[in-house]
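Each of the two complexes below includes chain A, the first together with chain B, the second together with chain C.
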Partner chain A sequence: MSLFLASVGFGLITSAVLAIASVGFTLQFAVTDVLNLAFAAVMTAGAFVAYWVNQAGVSVWIGLAAAMAACSVLSVLLNLAVYAPFQRRGSSPITLVIVSLGMALIIEFGIQAVVGGVNVSYSMGQGRTFRAGGLVLTTVQIVIIAISVAVMAAVHVLLRYSRLGKAMRATAANRTLARNCGIRASRVITITWAITGGLCGLAGAVFAIDIGSFGPTSDDLFLILILAAVFLGGPGDAYGAMIGALVIGLGTEVSAAYIQPDYKYVIAFVALLAMLALRPTGLLGARARG
Partner chain B sequence: MFYLITLLVYGAVDVIACLGLSQQFGVAGVTNFGFIIFQAAGAYVAASLALPSDTSNGGYQIYIGGLHLPFPMPLIGAALAGALLALPFTFLVGRRLRGDFAAIGLLVTAVLLNLLVTDYRPLFNGDAGVAQVPGPLQSGIFILSSTTYRWVFVAAVIVLAAGVYMFLRRITESPYGRTLRAMRDNDKVADSLGKNLVSLRTGVLVLGGAIAGLSGGVLVSFISVWSPAAWSYAETIVLFAAVIIGGAGNHRGAILGAILVPVGFEEVTRLITNSNPSLPPNLLPSLQWVAIGLLIVLFLWFRPQGVLPERKRLIAVPAPAPAAGQAGEPSAGPAASGHDGQGLLTRGEVARAREGASGAAGGDDILQAVGLSRDFGGVQAVSDVTFTVRRATLTGLIGPNGAGKSTLLALLAGTDRPSAGTILYNGQDITALPAFRRARMGLVRTFQLASEFKRLTVMENLLSAAPGNRGDSFRGAVAGRRYWRGDEAAAIARATDILRRFGLDKLANDYAGDLSGGQRRLVEIMRALMAEPDVLLLDEPMAGVHPELARRIGDTLVGLCREGLTILMVEHELAIMDEFCDPVIVMAEGSLLAEGTMAQLRERTEVVEAYLVG
Partner chain C sequence: MFESAGSAASAAGNEGHKTSRYGRLFRACSMAVAIALAAALAACSSSSSSSSSSSVASGSTLTVADVAPFSGVDAALGPTYLVSCDGAVQAINNAGGVLGHKLACTSADTRGDPADAVPAVGSLIANTKGLALVIGCTSDEAAAVVPVLNANKTVMFCMTGQSEFDNVKYNYFYRLVPPDLAESYAMVVIAQELGYKRIALAFGNDIGSQTFVQPAVASIQKAGLTLVANETLDLHATTFRTEAQKIVSAHPDAIMTEALGSADPTLFAEIKQLNGGKVIPIIGTSAAISPAFYQASASAISAAAFSANFHADNLVTATSGPAYNAFSQALLAVKGKVNGAQTGNFTTYFTAPGAVHLYDGINLAALAMVAANSTDTSKWKPWIATIGNGVPGAVTVSSFAQGVAELKAGKQIRYVGPGGPTSFDAYHDSPGIFQIDTYSPTGAVQVTGNITAAQLRAVSG
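Right, the complex of A and B next:
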């Protein structure tokens, strides 16, 4: 039982980090129509920015903010310089996926060329440990979960109650129609890149803090989890991605307690393929896209 | 010397792999981001078949199998393994899934399979991989000095690569290959023309998988080791870079790409590393990956067709028969030449003959919709529509924007499935049949948006729709040109007739993607006619077409109906309806509003209010 609760603790942390990333990824896809496989590479960039700021002796919070800002800018640039021109030319979705894979290589291994191939240690004092039954969480872990919950709430408010959120949803549903209704779609898209880039940077930084030691290629596998969570929830569906992140996060960590930890990702893998085969629109069965 | 031999073998293996990928990605448009797992499967299976049982090696490596089979069994096994591995992925490349989603599924599979094989040692010795795999014939049938043996090996692999190239060329240049390229350019349209996408894509995955598996088997027989590090998912990206740079869809381009990218990069890196031993160890491999990424993005932007673009397939248009005369001249418009299209409607005529013989059983109603509905998440696009299309009529379907006309057409053609209701075709319930089956029964549609196969010529667009070509199957393609050239010649003759009828024969060898909007609509109609339809469903065939041309299209359609073809046509222009269509069906807000001749409809106030005034 305590084994189960302990694994739930791990699962909650993974879910929290995963939720930030998955919501960012899925919103990016919904509004901009780019299935951005460079997402994890941008996360890595965010992690290193947070790490460097921290190493310089500045507080963790500033580090997180710096990571968000950096990834926000990087994502906007990525769109303006690469994705948007391809889209304007009418490239197929699959071409954009291949381009994003190319950008992933450029960013990820560009970082590796600068920092070298070894992992850096980003461990910090974990603070007090809280226990409830077998559930054990450190202060840092609780803060990460709190950040994630706050981000989910913020995304909810943004999408449901703000003008920008409505414009984003309209652009996601039908870009041409949104434009005809007076929504400045290209501006909405740029802002979306900025916001989701910020989420990406935040996810990268907390992911690095959570795992403690990271390197330029640490996020490769995390991308698989993001994709699994996003497809479980239905690509483009922010609420679906939240649920997907919870399912995948808990599923991988709890299963790790009972089977060999090496195989914990199998859950994510099976979930993703099953969704693709049976319900490509996701658990909530949202609108069918294209 | 040993280095040169190794380079040659690697080069030839990369060529084989790139050819397989080029067939999948460049020719058939199947983006297999998991390509490398097929190579890996081949390598492991070849190793497992060639190695002796793992109990005989003192237990330093464990693996399943260990059958110790002689050459060429391991290589045959490798190809089979790649082919069989493709089967479970069939569900990913079916009709319903977007190509990019399927690609993601394959990518994820590749990453996770690598992880599993790395962590699960009993399968293939885990992270360390298998070693000491015996090469072909190394157990002493031919005693060759080591260098001679290696040179023979090199020669054999190069011959094998050449064989794979010849084989793929044979397939790509056949009617089957043309169908694959049509599917690449627009899969939905290929489906509506009677192409079974699931079976085509499965074939492509299986063939590419077999080639990838073979390349893996060859590689492991030479280097004698194989481990998860050799087949990380990123290796697939290298192969993609090679195919994109060389020229997707051109097998020579794939060969060039294989030599430039995987081989060339290794070489350059090695040279730089050797000349600058002081560089940090990780820098060059990192920069190598950055360069691969840059090459992919830059090529897709500046030269998406690659160094060696796909070749244009020119098909000589047979000279016109003397009687037809003045073909291609605008004055000899379609209406004027209404009777030189003999054989245009082969199947229609057969159907009518059959009808006559059986005493007109089934009556005149060729297509019936009964209580047809389709809702999209609560919005009723089509609700409870019942109507009948009579044989050999040109029935118009009219209604304001958003009335559900195109959705109705999609339901009839099988592009979309109804939420409720039944569709009867020649009295038979076809509601559950997929689009390609309905097309094969003679129920063919066109699309509202331009849907030509862009990178096929006009002639090829037409030929791609011809049913019953013996070369339009994998087996037919393998059998070779001699097997299918009779059918091909017949199809070309028929396509030429249709081209003349529409006055487009001069453009037969132009890429369809380069035509004007009106010409592309014509291509689409001609292509649908090539499919030998009994019922043609046209979605705004005259939208955006010059009025003069629209009239000519209309006259031709009327002529075709006289010959026995049935047409249901969605159109916005009342003038066109007035002139050509009888009867006319009016739709508004998903429901059927009225039916009758235009004159009758004008009498009815609700119709006038709903549409004719607005």
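Right, the complex of A and C next:
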């Protein structure tokens, strides 16, 4: 029981970080039509921006804001300089996937060229440790969960109640129709890159805080978890991504408690495959017909 | 979110658009997988045809290639070896070079993966003029690249400890480090010396780390200690909280570990958190003696906590005397100039096994060429063992410059570098003896004891 509760706690932390990243990824995909496999590489860039800020003697929590700003700018530039030109030329989705894969390698190796092969950590304490049964959470981990909940609430408000959110949803649903309705789709797309880039930077920094020690390649496997959460919830569905993140986060950590931990990602993907077979449109999607 | 889109128009267009998106997505993913497979197959099929057995043109440059991970989880290894290479080569060139040839270092990034290592070595062989020597070849890639290099008749000094090289003869393969099972035994001896009874194992899931596990399990049993946990760490995983929880719950006295990259530092931090802020004593392998490992671990759990709780086995290396002085000066001459090796306490390289023993390997090879008066591999290769093991009446030399001077004086020489005397067996292995290292809070390596051959035999599983 103690190990189960402990693993639930670990799962909540993983889910919290994963949710921020997955919501950013799925919003980006929904509105821009780019399955951006460079997302995790940009996360790493954000983690290092926060690190450099932190190394300058500034609190890592200020570094989070710097990471968000830097990744927001980086994502917008990535779109303007790389993805948008390909889209304007009518490149197929697979071309964009390959381009994004290339950008992931360029960014990752670029970071490695700058920082070397070393792993680094933020200068910060973990705060008090809270225990309840087998559940063990530090103050920092509770703050990460709170940040994640706040981000989910903010995304909900953005999508449901703001003009921008409605424009994003309309653009995601049908870009041509949105344009015909007077929505400046290209502007919405650029703003979406900025917002999701910010989420990406935030996810990268909290991910690095969470794992304690990180390097240029630390986010590699995390991209797979992001994809799993996004597809579990239904690609392009922000609320689905939130639920997907919770399921994947808890699934990987709780399963690790009872089987060999190095198989925990396998368990997550077995669940994903089962879901795709039974409900290909994701947890929140309509049931597949025929 | 699409389902909640407000307008009827967009809702009507929604279903078709989503179906189209899924279709494109599946096609995109399928194509991505196909392209990745094709790329992998193409990489695997790369081949080479050149051979390094013949002598090179007079006055041309001889190349020493560092074949090791420069990216991926073991990315700290390649730069460590390159420090050694640049330092040794610069010292050799300052002493006039080898038979009129200057030496230069190059590198091939294996990413710590055999699948990447083979094409990297193929490209190295095909594109490097005057390839005289290869160093590095860690356990991550040795099984894949050693046969390739051996077939190309390239002499190599490898850092792999894999037992499969203990009794298999590769004519061009040399090793100045012990088999990994001996390191496992050395770790168990350290546990005994420090009075630890309950041992947890936490090794990475890479080839180079897993090779320690079975010998360690057998040795723990032989030594009468108790194995309380045995966790395998996926080096690409992001957290190890569950593994840490299992280890903490098992209440070990010490953890034996090798999981490079961010894995070990992350594990240490998570164990500290789950163990009420207390660090469980750690026993590492010689791979943990590197500035990068110290820096990452110290920043994860604090320098004071890490240095107070960490021990590692390491090969005995000189810390004073003429060989050490020549070695340390050679390395200091390249301080800050080697990409990827600018961080951490530079003096750690003076005891890092890769730096020490590959420096010795380069000097042995260079002196062998001078002794053979040839850069033809078939002629100078036999001199490696002659100079390393020595012959009766040979003069002991501790640097390349000294060795050349004695050879010019017509004397036989035995090279004894900072890694101590070598003793190559029929398989070109020279295993060395162990010491116990710790770190000071500033990251300087401190030697706290030695491990005798009798101690190792006593725990050999």
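The rule we apply is simple: the second predicted complex is superposed on the first by the 275 of 290 C-alpha atoms of A that agree within 3 Å, B and C clash if a C-alpha of one lies under 4 Å from a C-alpha of the other, contacts with A are read in each partner's own complex, and residues count from 1 in each chain.
By our rule, contacts are C-beta pairs under 8 Å (C-beta built on N, C-alpha and C of every residue); 3 or more make two chains touch, one makes a residue touch a chain.
If you're wondering where the values come from, they're calculated on a predicted model, not measured in any experiment.
Student: Could you tell me whether chain B and chain C fit or clash when both sit on chain A in the superposition?
Tutor: Pair status: clash.
Student: Applying the document's definition of touch, where does A:I147 land relative to chain B and chain C: first, second, both, or neither?
Tutor: neither
Student: In the superposed arrangement, which partner chain does A:I98 touch: chain B (first), chain C (second), both, or neither?
Tutor: both
Student: Applying the document's definition of touch, where does A:L276 land relative to chain B and chain C: first, second, both, or neither?
Tutor: first
Student: Considering only touches as defined above, state whether A:A178 meets chain B (first), chain C (second), both or neither.
Tutor: The second partner, chain C, only.
Student: When the two structures are overlaid on chain A, which partner does A:I106 contact: first (chain B), second (chain C), both, or neither?
Tutor: first
Student: So, does A:V266 touch the first partner chain B, the second partner chain C, both, or neither?
Tutor: first
Student: Is the number of chain A residues in contact higher for chain B or for chain C?
Tutor: Larger number of chain A residues touched: C.
Student: Contact-wise, after the overlay, does A:L135 reach chain B, chain C, both or neither (first, second, both, neither)?
Tutor: Neither: A:L135 stays clear of chain B and chain C.
Student: So in the superposed three-chain picture, is A:G215 touching just chain B, just chain C, both, or none of them (first/second/both/neither)?
Tutor: A:G215: touches chain C, not chain B.
Student: Output check: A:V82 vs chain B and chain C. Expected answer is one of first, second, both, neither. What do you get?
Tutor: first
Student: Which segment, 4-12, 40-48 or 400-408, is the chain C region that clashes with chain B in the superposed model?
Tutor: Residues of chain C that run into chain B: 40-48.
Student: So chain A touches chain B in one structure and chain C in the other; where do those two contact lists coincide?
Tutor: Correct list for chain A: 35, 92-94, 96-98, 101, 109, 112, 116-117, 220-221, 235, 260, 262, 265, 280.
Student: Could you pull out which chain C residues touch chain A in their complex?
Tutor: Residues 1-7, 9-11, 13-14, 17-18, 21-22, 24-25, 27-29, 31-32, 35, 69-76, 78-79, 205, 231-234, 236-243, 245-246, 249, 261-262, 265-266, 269-270, 273-274, 276-277, 292, 295-297, 299-300, 339-344 of chain C touch chain A in their complex.
Student: What residues on chain B touch chain A, complex-wise?
Tutor: Per the stated touch rule, the residues are 31, 33, 91-92, 96-105, 107-109, 111-112, 115-116, 119-120, 234, 237, 240, 244, 280-283, 286-290, 292-297, 300-301, 304, 376-377.
Student: If you look only at chain A, which of its residues touch chain C in the complex?
Tutor: Answer in residue numbers: 2-3, 6-7, 10, 13-14, 30, 33, 35, 92-94, 96-98, 101, 109, 112, 116-121, 123, 126, 129, 136, 138, 159-160, 166, 169-170, 172-174, 177-178, 181, 207, 210-222, 225, 235-239, 253, 256-257, 260-262, 264-265, 280-281, 284.
Student: Taking the touch rule as given, give the residues of chain A at its contact with chain B in the complex, in rising order.
Tutor: 35, 37, 82, 85-86, 91-99, 101-106, 108-110, 112-113, 116-117, 220-221, 224, 227-228, 231, 235, 260, 262-263, 265-266, 268-269, 272-273, 276-277, 280, 287-290
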